[in-house]
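Should a chain be cited, it is by its letter among A, B, C, D, E and F, assigned in written order, with residues numbered from 1 in that chain.
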Amino acid sequence: MPEDRPFRHDVPDIHGLPEDVRDRILAVQEKAGFVPNVFLLLARRPAEFRAFVAYHDALMEKREGLTAAEREMIVVAVSAAHSCQYCVVAHGAILRVRAKDPRIADLVATNYRKAGLPPRQRAMLDHAIKVATASHLLGEEDHAALQAAGFTEDEAWDIAAIAAFFSMSNRLANATDLRPNAEFHTLGRR
Amino acid sequence: MPEDRPFRHDVPDIHGLPEDVRDRILAVQEKAGFVPNVFLLLARRPAEFRAFVAYHDALMEKREGLTAAEREMIVVAVSAAHSCQYCVVAHGAILRVRAKDPRIADLVATNYRKAGLPPRQRAMLDHAIKVATASHLLGEEDHAALQAAGFTEDEAWDIAAIAAFFSMSNRLANATDLRPNAEFHTLGRR
Amino acid sequence: MPEDRPFRHDVPDIHGLPEDVRDRILAVQEKAGFVPNVFLLLARRPAEFRAFVAYHDALMEKREGLTAAEREMIVVAVSAAHSCQYCVVAHGAILRVRAKDPRIADLVATNYRKAGLPPRQRAMLDHAIKVATASHLLGEEDHAALQAAGFTEDEAWDIAAIAAFFSMSNRLANATDLRPNAEFHTLGRR
Amino acid sequence: MPEDRPFRHDVPDIHGLPEDVRDRILAVQEKAGFVPNVFLLLARRPAEFRAFVAYHDALMEKREGLTAAEREMIVVAVSAAHSCQYCVVAHGAILRVRAKDPRIADLVATNYRKAGLPPRQRAMLDHAIKVATASHLLGEEDHAALQAAGFTEDEAWDIAAIAAFFSMSNRLANATDLRPNAEFHTLGRR
Amino acid sequence: MPEDRPFRHDVPDIHGLPEDVRDRILAVQEKAGFVPNVFLLLARRPAEFRAFVAYHDALMEKREGLTAAEREMIVVAVSAAHSCQYCVVAHGAILRVRAKDPRIADLVATNYRKAGLPPRQRAMLDHAIKVATASHLLGEEDHAALQAAGFTEDEAWDIAAIAAFFSMSNRLANATDLRPNAEFHTLGRR
Amino acid sequence: MPEDRPFRHDVPDIHGLPEDVRDRILAVQEKAGFVPNVFLLLARRPAEFRAFVAYHDALMEKREGLTAAEREMIVVAVSAAHSCQYCVVAHGAILRVRAKDPRIADLVATNYRKAGLPPRQRAMLDHAIKVATASHLLGEEDHAALQAAGFTEDEAWDIAAIAAFFSMSNRLANATDLRPNAEFHTLGRR
């Protein structure tokens, strides 16, 4: 039933892209088996593509502190708060894979407060959602709550920065009518 | 990761339930292969169970006017607006089955406005969401919009009544910490 | 000044209704002296009428736990939160009668927090309003607050179920332009 | 059930008040048969009392343009939007009297959009509510709507000024726990 | 770039105004070096002008309790919450002058929670903002918080009354398209 | 009165930073006469610093389509919508300089709808604010409005991307308690 256009702009020809942009896209394709639509969308503007990918990798590929699955949980919760279809479906798939849990993405996307998460992850997502939806109200009490849940200042920065980065990403996707690739819906469901 | 309790009350013993309640539960189990948690929850109170099921069936089993898939689309969109985990996951599964579309539930749950729906279904969900989230603002212009999209007065009632019924159901699920059965996550994904 | 149509559909002929529906309506008329418009509205669809009335009675005619007046206080507070004209006026009348207090309905409808209620009833209405307006945020702290105010788990269910049922009812009334009978405005004011 | 304190400050002794304040209060008492609590509250601060009463009279006692009943309709609708118990109950009574309509206040307070009002008064209240709840969004289109409904620029000012004045008054009443006199509940109900 | 009309009505001729209104305007002009646009706007209606000015002076010229700068801080925070351009810019200027601090107005207008204020002033503004934006939720806990921050009941009244008065004033300015005089932008910046 | 800490983390020693980060900071200092606090904050994490700066420059240093002043107007309007103190004050200064208009930043920050902007810029900011605050509701009608106001698809992308980027930036600043340098308050005011 859903129409098949991946976003509201023309899809660029991969072979006409700058080499570094093309290489990154081909690398993702090789690994995932398909090209996530967000890469084709951003490739329209190579400078923005590079900055987006560099920022994303700095926050999401880091392996100290938060686990890979925790980082994806933040993305899914924040993207759901912004009703970002692409981000919930695509990162929901990645979360299932990273957490090796076929149900976690649906639970976090629909209501992370009812996802049976341990207190540490509940505190992490409470903070991420406040950053995403009411950052002007953040105060010392929020940092104290993170510390009480066992997070360092550096991890607190990661939580806030991931929530902030995807607050941007969600808006870009919503403004360009970005739709999730069909592959994401089934990935990691076993 | 999620804990395994289906809701915040004790699970009743099926064999101690009134006969009609037990029969209905066993019939669902036979058909679906498992007992959806909402049945066990409501069985704590047989009078409410019977009224809930009768109301549900009057709205959801009807086959004139809206299709079965359209009725489930309303449920999923309204339940997402209320962040009702059980209802989005359970009725998302039913929607996939009814629509024979493995992606439709994720698309409607995350943002039905971006689900590539035909204008008729977009108008249907716009109305359902207004009933669910701002019913005090409903006016003649809303009924005119439904009519322009091809809906009869009877179908308009169905849209509103389903949105209203699940506005109740979502609140009951949220108040009782109702969690979706694992089976729902994969049903209809092929 | 207000127009005299009771709702946006044709008023059914009572004598053409199924016997059980007609009997219920006549019984109400005998007791109240008039037929509340909601009965005529719902009578358009006998199956929904029966389920609605059965559900209503299971929650509102019960006499253990919450008093009849407390149940109506929940209805009035929830209906005011949804700006449901019919429900506030009709159940406001019933509340005045049940509580034998000519002012209580106006106080609860305009701001139950300023109604001078004892702490138990204030906690009851705080919970009902959270169920009605932000059920996705409900958590253990809310159940603890109810318990601290002296409510059992069964009474907590009643509070949530009444709030949920009238969240449905308010939306139905708003979607059908249901207007209160003139009689309700003066009932119980002495 | 409601407690009997009229507001959160001590009630002043009328005989110790400045003469003009006392005279005004006694005049109201003579006319109404009781002293509305708002007068006793404001009398604590004579300068504020005088300014409040002068402002009120300039807007509410004026008889060109809007009728007395229309002015009170604005007060009731705005006060309901701010959940101001005192103002809805007290001005609801005055509205019933001014409009010679025992039901109008309940209908406007619970949802003026469903009160069966003629288009002119509907436009008037739509504007008043926008002034009260989202004045930063007001633009030329709002003034055009008022003009299309037949209002002059001077009447538009009255609508906005009454909505603004009671936005202040509602906040004062809410901040001081002002409760309505019992007499207001029944006035004008016939 | 901004257009130069001070508000959406004709500017009155000062010399045609009632003597007391004209005298007040000329006194302000003498002191400030220009006539703030709000005076010209309100002068269209002398009775409202007098009541507005009297109320303003009773709250803002008082010198017991809150300091002059604190009173202006409330005005700026409340006006920012209502997106009132005139009031933020004009009273921002007065705040800079009263507080002898060239940065304070920008900090309070953009987010008073991040303005590095001492706890007393933070509590004062938290209360003012609750009065301005959610007065129906005010309760004993709010008065306790003010008392804990060192405020007397009389000072609490001042905070609430200033917040309420400018909730009115903000709406009047927004409804009349009142624009700030150019002079206000630079006043007190040194 | 405001405390003097620039953000909630330790200020890094510029001379210990990676060479490219240090060079960028020194270049800004040379041009502006001071180091904006955001550079010192982000320098804690060089990879994020580089991506942030690259993204910022791609959107803000571009000179086709939107003017430099228009880009800064978007930043100021979006940052005000998020109550981001640092971003409103810092980019307000840049806007004044770019637009050569000492009043424009205050007008846009307090209410861009009342800033007397030409229709093109009003449409630009309406879109930016919808991207920033309700991106899930964006649809074809929004793109049509931009087109009607004379914007190309590429300019529409710029508007959305700048609004999205500063939605991120605002959240980072709010989460780290970033305060504006004193210099920004007076820059460009003449």
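Definition applied: a residue touches a chain if its C-beta (ideal position, glycine included) is under 8 Å from a C-beta of that chain, and two chains touch if they have at least 3 such contacts.
Everything quoted here is computed from the prediction, not taken from an experiment.
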> So which chains are sitting against chain B and chain E at once?
Replying inline: A, C, D, F
> Which chain's mean C-alpha position is the greatest distance from chain A's?
Replying inline: D
>> Can you work out the whole-Å distance between the CA centroids of chain D and chain F?
In response: 43
>> With centres defined as the mean C-alpha position, give me the chain A-chain F separation in Å.
In response: 23
> So which stretches of chain B touch two or more other chains?
Replying inline: 83-84, 111, 136, 174
> In graph terms, nodes being chains and edges touches, is this line, ring, star, complete or other?
Replying inline: other
> Okay, what are all the chain pairs that touch?
Replying inline: A-B, A-C, A-E, A-F, B-C, B-D, B-F, C-D, C-E, D-E, D-F, E-F
> Which of the residues in chain B end up touching chain A in this complex?
Replying inline: 1-5, 80, 83-85, 88-89, 92, 99, 101-104, 106-107, 109-111, 114-118, 174, 177, 179-180, 182, 185-186, 189-190
>> Which residues of chain F touch chain A once you look at their complex with the stated criterion?
In response: 8-9, 44-45, 47-48, 50-52, 54-55, 57-59, 82-84, 131-132, 135-136, 138, 143, 153, 157, 160-161, 163-165, 167-172, 174-176
>> Could you list, by residue number, the parts of chain C that touch chain E in their complex?
In response: 111, 113
>> Applying the document's contact rule, which stretches of chain B touch chain D when the two form their complex?
In response: 136-137, 139
